[in-house]
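Below: one structure in structure tokens.
Labels run A, B, C and D following the written order; every chain starts at residue 1.
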């Protein structure tokens, strides 16, 4: 049976197997759908549990268990050979899911456009960007597929589709995206003068540390502020970059490690709640 | 709204602080920190029969930091003829990686497919990393144009994680944690990270425990690495920009002190005014 | 480690058992103790002083769409609403995701009713501003200025716009209390707010307020697990000191925990 | 690229950069128009790359060129996401989401072992020089320098005090407990100072790259890297 499933098919047989598999999948889902609604929650809980159990068991079961000696890899157990197919299947599933994000954006931006509500020009800009980049991107990809030599690739770049792609990507996309975050530098400058107050001794300790780290990060600190202290001199620990390095790798490291241990316990708690579906439907919306 | 006048003056001050070094042309050479030096040594130590993986998870938003890091690392890899592969768990990172690598490949004469390969964007990062931890070539299968890896000379002899000499994650987010948890941790592969500066503090515990062998601290890290590859007086992108960043830091420290000083003075004047 | 070592297996099993036990006992109704974190006192004080000035309060539930963190932030909003209702002070809640609107309305309506002032609740005060990061932040700044708010509360997950909110509040002279698990934004809240609830304190504050069994049980379980971890580290450091780095026992412990 | 197209691309870059910077002056329709254009471009390119790098290489080629028909099942499973729009079938999308979250939850137990557990091992550091206790010292683990000793004490003290600050299930009644937790909050301020300093550098670097593009160098990649 195994060999029958895993032998590649071609031509008509391929078409039959493809359609057949989709049909079988649809029938399985229809069968589950026909069950009384309260079983659906149990099916979801069961699938979630089995999926989690697979990775947990593969990790916990020692190497060599259930695997004939000297076979594929010394560190495998009988579940390890399924890591690759699960990886590929998940990649395909997540890729198919990307369309959801696009649909949501299209829905949010479609409404103002159709009803002519204020801001319809912005929705127009959204769809223009979406359609232009998708069409130009796919056309260029298809052309590049055929271009195997660097010369052929340069020809595609020189063609209209290459030029439009660079206009959309290098011209608009990279500059728009790059500038949005650059705004924050300006907001920090105005906040520095008007909002960052040393309200408490705690805030003062924080700000003093911030100054040392800032001066240690940029060349002007080590070069001019404490450049006069020779390296290797007993007093060289006071060089701003050494003080900054010590702050980062000792007190900061210890505090971050403590936060990590908190996160570690949080990850275990959250994984248990998701794996065993302990969340009382609050997060998943309604209880069905 | 928000006393616009003061806000706009502060913005112009920042623009001036940044632009000044552009025109005076002054460049203050960087001081190379321990983390950048450690990463440089780790790259040098990669044997020729192993491959380096550059995982690029950044997009347009953080080009200012992640692109100079990518450039500095690729210059070093191509200069010393090390084999490397580009990939990413965000769609557009590998595109920028391809652009930079194409340009540098011409400069260092390292043709695609022979010295470096682009595996492209991959979804489902947890599942993909766990599959790679078992067999890298089987999990990746093709380059970003669908060419089977078996056809590319750069991939000859690269199958299991043991054939990966070093993983460097250039990222504005926490993908380096997934790399450590599902690939470099389990398969005992050396790992380094080139994050945006925002995340630098979180990474020090992993440098201390040896889970990370090096780090580039944002743009400062890129400048320090350029100094290691090209020398402290070179005019590479990172080193040039860091001079402007120095000016902005002096401005910010001055403004915070000034802001607090003016507040203390006004509060004291009000208190004196109150009692008089 | 390709596969789990014995020591880490035992550690994870113990922690999991402890957390599941605490969740089960919380669900059976046993009251689990959580101390009242100082941040909650700061909230009461801020609401109190806002009522003296007779000006409205702004509460932002953060930037995330409907997530566990946002739901917990809305629980804090309910707490603030109860205190505001008692002192007849207006509470404005700008949201960034339309899906949050109905849940926020339900929580606030219940809060006002619980204080016996259902007529005070005005649905108009829950406002969807924009789903864009900076547009939402400048929308909040607009409300702070137009309504001359006396107090700001920033609870939930925040990103780089925390800077804009903190600055605008300082300019308007509002009292500000922030609470977020986003450690990268805490520095900006610390210097622009009067009190900041940090990292895991956010979860403790909401567990204290909601008494929700799964939340409460997992938090108490994690607490005890961390106490156990501190003991383990103490033992480890003592052994490293007494036996010295060269000893095989210490080397075994290090490899068992995936150490160098 | 002939210079006509380069100039157009550079102009587009300059207009885009100035349109976004216009927000610094005031919220305005030009800023919003270009922000929505960016969202559309980003979504479009995400779609193209999801097809070209993932679906084409891991689904289309294997199924339709190599005959591995079984990957069609993964594609069909992915379609379950879209049942969220059909009220009656919406539970199927939760089935898929639940399964995927189950996988991640199961993997999290390995993450604890391979990412977090080594941090426990890294905390087992000696607090006294081995030679004081007459402990064997081997070549690869020489005696402790006083610098390492001080650091080990400081790290352990800060680690325990910060963890104490985040204990919630018992009252900080005893003075020792209260002082330790208070020390923990103070030590966190050092970490937040470090985060503040690093974040300032991160934002400044982005502004520098943008002004460099506007004022100095539009050549090469019309974008900022070039």
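Here is the rule we use: a residue touches a chain if its C-beta (ideal position, glycine included) is under 8 Å from a C-beta of that chain, and two chains touch if they have at least 3 such contacts.
These numbers were taken from a predicted model, which means no experiment stands behind them.
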Counting one step per pair of touching chains, how far is subunit D from subunit B at the shortest? 1
Tell me which chains count as touching both subunit A and subunit C. B, D
Higher C-beta contact count, B-C or C-D? C-D
Which chain's centre, taken as the mean of its Cα atoms, is farthest from the centre of subunit C? B
Could you say which chain's mean Cα position falls nearest to the mean Cα position of the entire protein shown? D
Which integer distance in Å separates the CA centroid of subunit B from that of subunit C? 31
Distance in whole angstrom between the CA centres of subunit C and subunit D is 20
Rounded to a whole Å, what is the gap between the Cα centroids of subunit A and subunit B? 17
Mind checking the centre-to-centre distance between subunit A and subunit D? Centres are C-alpha means, answer in whole Å. 8
What are the residue numbers in subunit B that touch two or more other chains? 11, 14, 59-64, 95, 122-123, 126-127, 130, 133, 146, 185-186, 197-202, 205, 208-210, 217, 220, 245, 248-249, 252
By the touch rule stated above, which residues of subunit D touch at least two different other chains? 23-24, 32, 35, 38, 42, 45-46, 49-50, 52, 54, 58, 103-104, 107, 109-114, 118-123, 156, 159-160, 163, 166, 185, 188-189, 191-196, 198-201, 203-204, 206-207, 209-210, 221, 223-225
Identify all positions of subunit C at which a residue touches two or more other chains, and write them in rising order. 1-2, 4, 12, 134, 160, 171, 183-184, 187-188, 190-191, 199-200, 219, 226, 229, 258-260
Chain adjacency by touch: line, ring, star, complete or other shape? complete
Quick one: which bits of subunit D touch subunit B in the complex? Just the residue numbers, please. 24-26, 38, 42, 45-46, 49-50, 52-54, 56-58, 61, 103-104, 107, 110-111, 114-115, 118-119, 121-122, 191, 194-195, 198-202, 204-212, 215-216, 220-221, 223-225
Considering the complex alone, what residue numbers of subunit D touch subunit C? 23, 27, 32, 35, 109-110, 112-114, 117-118, 120-128, 130, 133, 135-138, 141, 152, 156, 159-160, 163, 166-172, 185, 188-189, 192-193, 195-196, 199, 203
Subunit D-touching residues of subunit C, taken from the complex the two chains share: 1, 4-5, 8, 11-12, 32-35, 37, 132, 134-135, 138, 160, 183-184, 186-188, 190-191, 198-201, 204, 207, 219-220, 223-224, 226-227, 229-230, 232-233, 236-247, 250, 253-254, 256-260
Please output the residues of subunit B touching subunit C within their complex, sorted ascending. 1-3, 133, 185-187, 198-199, 202, 209-210
Note which residues of subunit C are touching subunit B in the complex, please. 1-2, 141-142, 145, 168, 171, 183-184, 258-260
